[in-house]
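Here it is: the structure, laid out below.
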Amino acid sequence: MSHAFYIYFSYGISAVIVLALIAWVWLDGRARQAELKALEAAGIRRRSAAGVSGASE
Amino acid sequence: MNLALSKFSELANPTRFLALSGRILPWLAGLTSLLFVVGLYMSFTTEGDYQQGDTVRIMYVHVPAAWLAMMCYSVMAISAIGTLVWRHPLADVSHKAAAPLGAAFTLISLITGSLWGKPMWGTWWVWDARLTSVFVLFLMYLGLIALNRAMDDASKAARLSAVLILVGFVNIPIIKFSVEWWNTLHQPASVIRMDGPTIDPEFLWPLLVMAIAFTFLFFTLHLMAMRNEIWRRRIATQRRMAARMAGQEVSP
Amino acid sequence: MRLVAENLAAKRGEDLIFVNVSFQLAAGEAMVLTGRNGSGKSTLLRVVAGLLRPERGRVEAVFRDGRESRPAREVSHYLGHRNAMKQELTVIENLAFWQAYLGDFEGGEGRSIAAAADAVGLGGITHLPFGYLSAGQQRRFAMAKLLVAHRPVWILDEPTAALDASADQMFAGLVHEHLANGGIAIAATHQPLGLKDAKTLVMKGFEYRETGEMA
Amino acid sequence: MRLVAENLAAKRGEDLIFVNVSFQLAAGEAMVLTGRNGSGKSTLLRVVAGLLRPERGRVEAVFRDGRESRPAREVSHYLGHRNAMKQELTVIENLAFWQAYLGDFEGGEGRSIAAAADAVGLGGITHLPFGYLSAGQQRRFAMAKLLVAHRPVWILDEPTAALDASADQMFAGLVHEHLANGGIAIAATHQPLGLKDAKTLVMKGFEYRETGEMA
Amino acid sequence: MIALFLRDLKLSVRAGGGALIGVLFFMTVVAVIPFGVGPDLNLLSRIGPAIVWIGALLAALLGLDRLFQAERDDGSLDLILMQETPLVLTVFVKCLAHWVATSLPLVIASPLLGLFMNMNEVAIGAVMLTLLVGSPAITFIGAAGAAVAVALPRGGLLVSILVLPLAIPVLIFGVSASYAAVEDPAPFLPPFLFLIAITLFFAVIGPLAAALALRSSSD
Amino acid sequence: MIALFLRDLKLSVRAGGGALIGVLFFMTVVAVIPFGVGPDLNLLSRIGPAIVWIGALLAALLGLDRLFQAERDDGSLDLILMQETPLVLTVFVKCLAHWVATSLPLVIASPLLGLFMNMNEVAIGAVMLTLLVGSPAITFIGAAGAAVAVALPRGGLLVSILVLPLAIPVLIFGVSASYAAVEDPAPFLPPFLFLIAITLFFAVIGPLAAALALRSSSD
């Protein structure tokens, strides 16, 4: 193959960028879900606040 | 009100979106991988071009990435209209999530382009209209990311970047038609043109498969990034809410 | 003319600040907003002034028994925390600009700049650059701005902060005159404004319930 | 420690604003400045804070019965009309910066940021950007700034503008505590501050007599 | 509207120093380039129009980010947003005032710079004409960036980043029209007309986008 | 002092400055140039050092005028003036923070830009070195100008007249040192040493002048 370097390099670098992108999106999602879980564990839930603001508590 | 519209807005409500996208995602991811396997196989088994040598194989990455870079911006522009006209939160999320993806695809097309340029034109980079307008697109993506970073009021940031996205859309036709308006080193369009593709079918098939694979990759990542963004906003809201409630207990 | 607000709800950032605020003011009526710090007075005023889009509800100026209506912002003066005057220009230049730029709303006429300056008790110093004035003087001239162009509705956010006792009275006099001419006034304040027969709306702050999908 | 001002006179632009102002404040004493708008209260405070050079006279902090003296500005906190906080930074970041930058004056220690925020009644929202707060909340945190670094003298220009009733009380409490610890306070105000036993200085404004050669 | 125009003009003359800093910066750019290309007068006169255009473009950025921020900081923006007069019109007038205060001096100074760059009369005239026609486009598009910057406490660099890519077409056609006037084969009119078209286009799009951004950032 | 440094850094990063934005700004400016002068690689590499330097000057000018005005507008300046710490030191630290936030990223990014401008390795190194050494001078002079701008409510004009002429020598020595590194006959060291001298000189004079102006401005 002529110019094998250029070909493999461009495939390689594209793969690196795409994989980095996938990893970033994936890890970001994992982190967000973990945070949501932590909040849930702390007792802060999306719709529960309505009850809290009432007379009791 | 219009039934179709209300159906649409129901589907576009973030909770339902999360549920639905959660179900679709595995399939989408699987399909993307499959397409990539086929596409990569095809792009390494086709015969080379006499004129360009084997470097034509770079095309199978370069061209889909370039298309995606432009398509991503178009998706963002449509979302921007959604933000400004319907003020739909999903639209906000959509164009915010798409910007880094667009930047990545643009980067791929820039890098593979210059890797192709070195053997073909003898230089990594020339300031011709096509190349520069793609570079400008890259800068615009980065500028939008920076803008989103610089503001912490999410919906305000969304509206402002929507305005910019729409104004910046002028760049897309410039990229597309730059080869025709200014005669440059770069290849003129041979696939997407009025009178049908002029490219050799030998190259057309792997190119098309790779293009579809890239497109699916984009949509998969976009869905995932949108989900992340929705979660991020929920977390922020809940944190603030918790803090506010704590603040109210302290101050009478 | 009436000013009608129905079921207003507003967000700041991503948080709801108040919901279901409704009121009606007829010509000659005034309303005073009170409530503790951070309860949403300024937010409500900015919604009425059209500077903040309400989450729900609407606020309008209704004419001729409801046969015509216009956005409240177009019939209103807004006096916020900041005076909207340029430090580098003299008082006269500032007021002349706003007079020309704002223009009179139909059915009334603004005073001349000299008359407005006299009305706020500072006739003699209109030739000074605005930046050279004391806090209270600046606030007084910001009020003079309300006089140089006619608007039936005045929206005032803590108008008397930084004013001395005599200026408080002067201010109450101006508002009364405005009401007597068929005007409407809404003011947020922590101090008694000396307005007789004003309605009062006490802002409580909203208990931060989730309501929207994403909020 | 005593704060001594002798024969102060100050100009604004080319006009004399006041002449022959003298006062002395010992540890634990407070003084309230009143007077109509433009009478020179803020000017006097800025002279005391060293931000405006007096035309005549001097103002100093005297230690150990006059054996040592320092410019008043170095021993003072100044709370002007503007809050000296950055909108973009959170409350904590703002306060932490001032705490570190100002440092404690010898003979005292500032409170922690959390304690200061609690003292102004807003312990829960210190993580918000300063720009997100209501006018009153911003003013309260500007007061918290007085607490995070120790200074024996507080110079306050209309401190309670924009504060609600409960915050007024909170503020009076803070000043009393400061005085009880041997501090000194000077405040310009149009509203009663609720300070007991405070001296009062009524600014009259200067009658624009010709004095200098040009003036 | 005339009141607004006059006020803005007065402000920038009195406080900004817009005109002078622009011209000075412009001259600085022009003074430095010869160091790069060396004292080759021919080359200088060849790249002259481009340098003058680039200098003008960069100089236009200098005051732009404060166009609306100053109005926001003192509360004037609130009153402007409330009026019945279309916001687009207000923005348009502010752009005009800004252009007169900062870009017009550049246009007027450009012949001088042309002389520095050893350009001939035709080239100087062409550059001045294209600048006159093209520079408003930069202001208009800059207004959109400035409106976005209102939400940012310190817009400075970010505004330029957002604005510059959009200003590139203006530069391209401005420069190519100037060259066309000097070099024979290329016709002057087509790029010049294109420049006019771009200016008209941005005169509509810029204020529209700016108005949109201002409305959506108010709070 | 460290607190001040960190705060200023944080402010400029958060409020639409930041390293990324500086580099982006620079890339945008550089990307604009070829549109003007044309894609002639030889010419580009010749004017490269000048362009990189002009970009740095512009970046410094864009943020600098608000250096003290922002502090004055929110009242922080009053508190800063009251302290026992010498004002010169405070000004110096603020300059450093500003330089780190806006100029340093440019210095670091300059090799990349050199590549874009088709400059060779020696030229790139020289530009980076001269920028590193010379750009603080621009910040220090600019600080004096910014302080004067605070002092005179109508000082805008004066600032520009003051700052730019003083910045021109920096620019000229910076650019000529860069060229000297590439072109043979001219020696690199003399202009480079001169550049260092200028920077040291302004590092003293700039903050001193700024402190003086700030003191006399307060009212």
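Each chain gets a letter, A, B, C, D, E and F, in the order it is written, and its residues are counted from 1.
One rule holds in what follows: a residue touches a chain if its C-beta (ideal position, glycine included) is under 8 Å from a C-beta of that chain, and two chains touch if they have at least 3 such contacts.
Protein names from UniProt, one per chain: A = Heme exporter protein D; B = Heme exporter protein C; C, D = ABC transporter domain-containing protein; E, F = Heme exporter protein B.
From a predicted model like this one, the values you see are computed outputs, not experimental measurements.
Looking at which positions face the partner, chain C and chain D present mostly the same ones, since more than half of the interface numbers are shared. A rotation of 175 degrees, rounded to the nearest 5, superposes the Cα atoms of chain E (Heme exporter protein B) on chain F (Heme exporter protein B). Ranked by separation of Cα centres from chain B (Heme exporter protein C), the top chain is D.
When chain pairs are compared by their number of contacting C-beta pairs, E-F comes first. Look at where the CA atoms of chain D average out and do the same for chain F (Heme exporter protein B): the two points lie 37 Å apart.
Centroids built from CA atoms put chain C at 46 Å from chain A (Heme exporter protein D).
If you average the Cα atoms of chain C and of chain D, the two centres end up 30 Å apart. Measuring from the averaged C-alpha position of chain D to that of chain E (Heme exporter protein B) gives a distance of 46 Å.
The set of chain B (Heme exporter protein C) residues touching two or more other chains comprises 132, 136, 139, 143, 146-147, 150, 153, 234, 240-241, 244-245, 248. For chain F (Heme exporter protein B), the set of residues that touch two or more other chains comprises 11, 14-16, 21, 24, 28, 31, 35, 38, 73, 153-154. Multi-chain contact residues of chain A (Heme exporter protein D) (touching two or more other chains) are listed as 46, 49. By the touch rule above, chain B (Heme exporter protein C) contacts chain E (Heme exporter protein B) in their complex via residues 84, 132, 136, 139-140, 143, 146-147, 150-151, 153, 156-157, 159-160, 162-164, 166-168, 170-171, 174.
Chain contact summary for the complex, chain A (Heme exporter protein D) toward chain B (Heme exporter protein C): residues 1-4, 6-7, 9-11, 13-14, 17-18, 20-22, 24-26, 28-29, 32-33, 35-36, 39, 42, 44-46, 49, 52. Residue ranges on chain E (Heme exporter protein B) touching chain B (Heme exporter protein C), taken from their complex, read 141, 144, 147-148, 151-152, 158, 161-162, 165-166, 168-169, 205, 209, 212-213, 216-217, 219. Taken in their complex, chain F (Heme exporter protein B) has these residues touching chain E (Heme exporter protein B): 11-12, 15-17, 21-22, 24-25, 28-29, 31-33, 35-38, 43, 46-51, 53-54, 57-59, 61-63, 66, 70, 73, 102, 153-161, 164-165, 167-168, 171-172, 175-176, 179. Of all the residues in chain B (Heme exporter protein C), the ones that touch chain C in their complex are 13-15, 89, 153-155, 230, 233-234, 236-237, 240-241, 244-245, 248.
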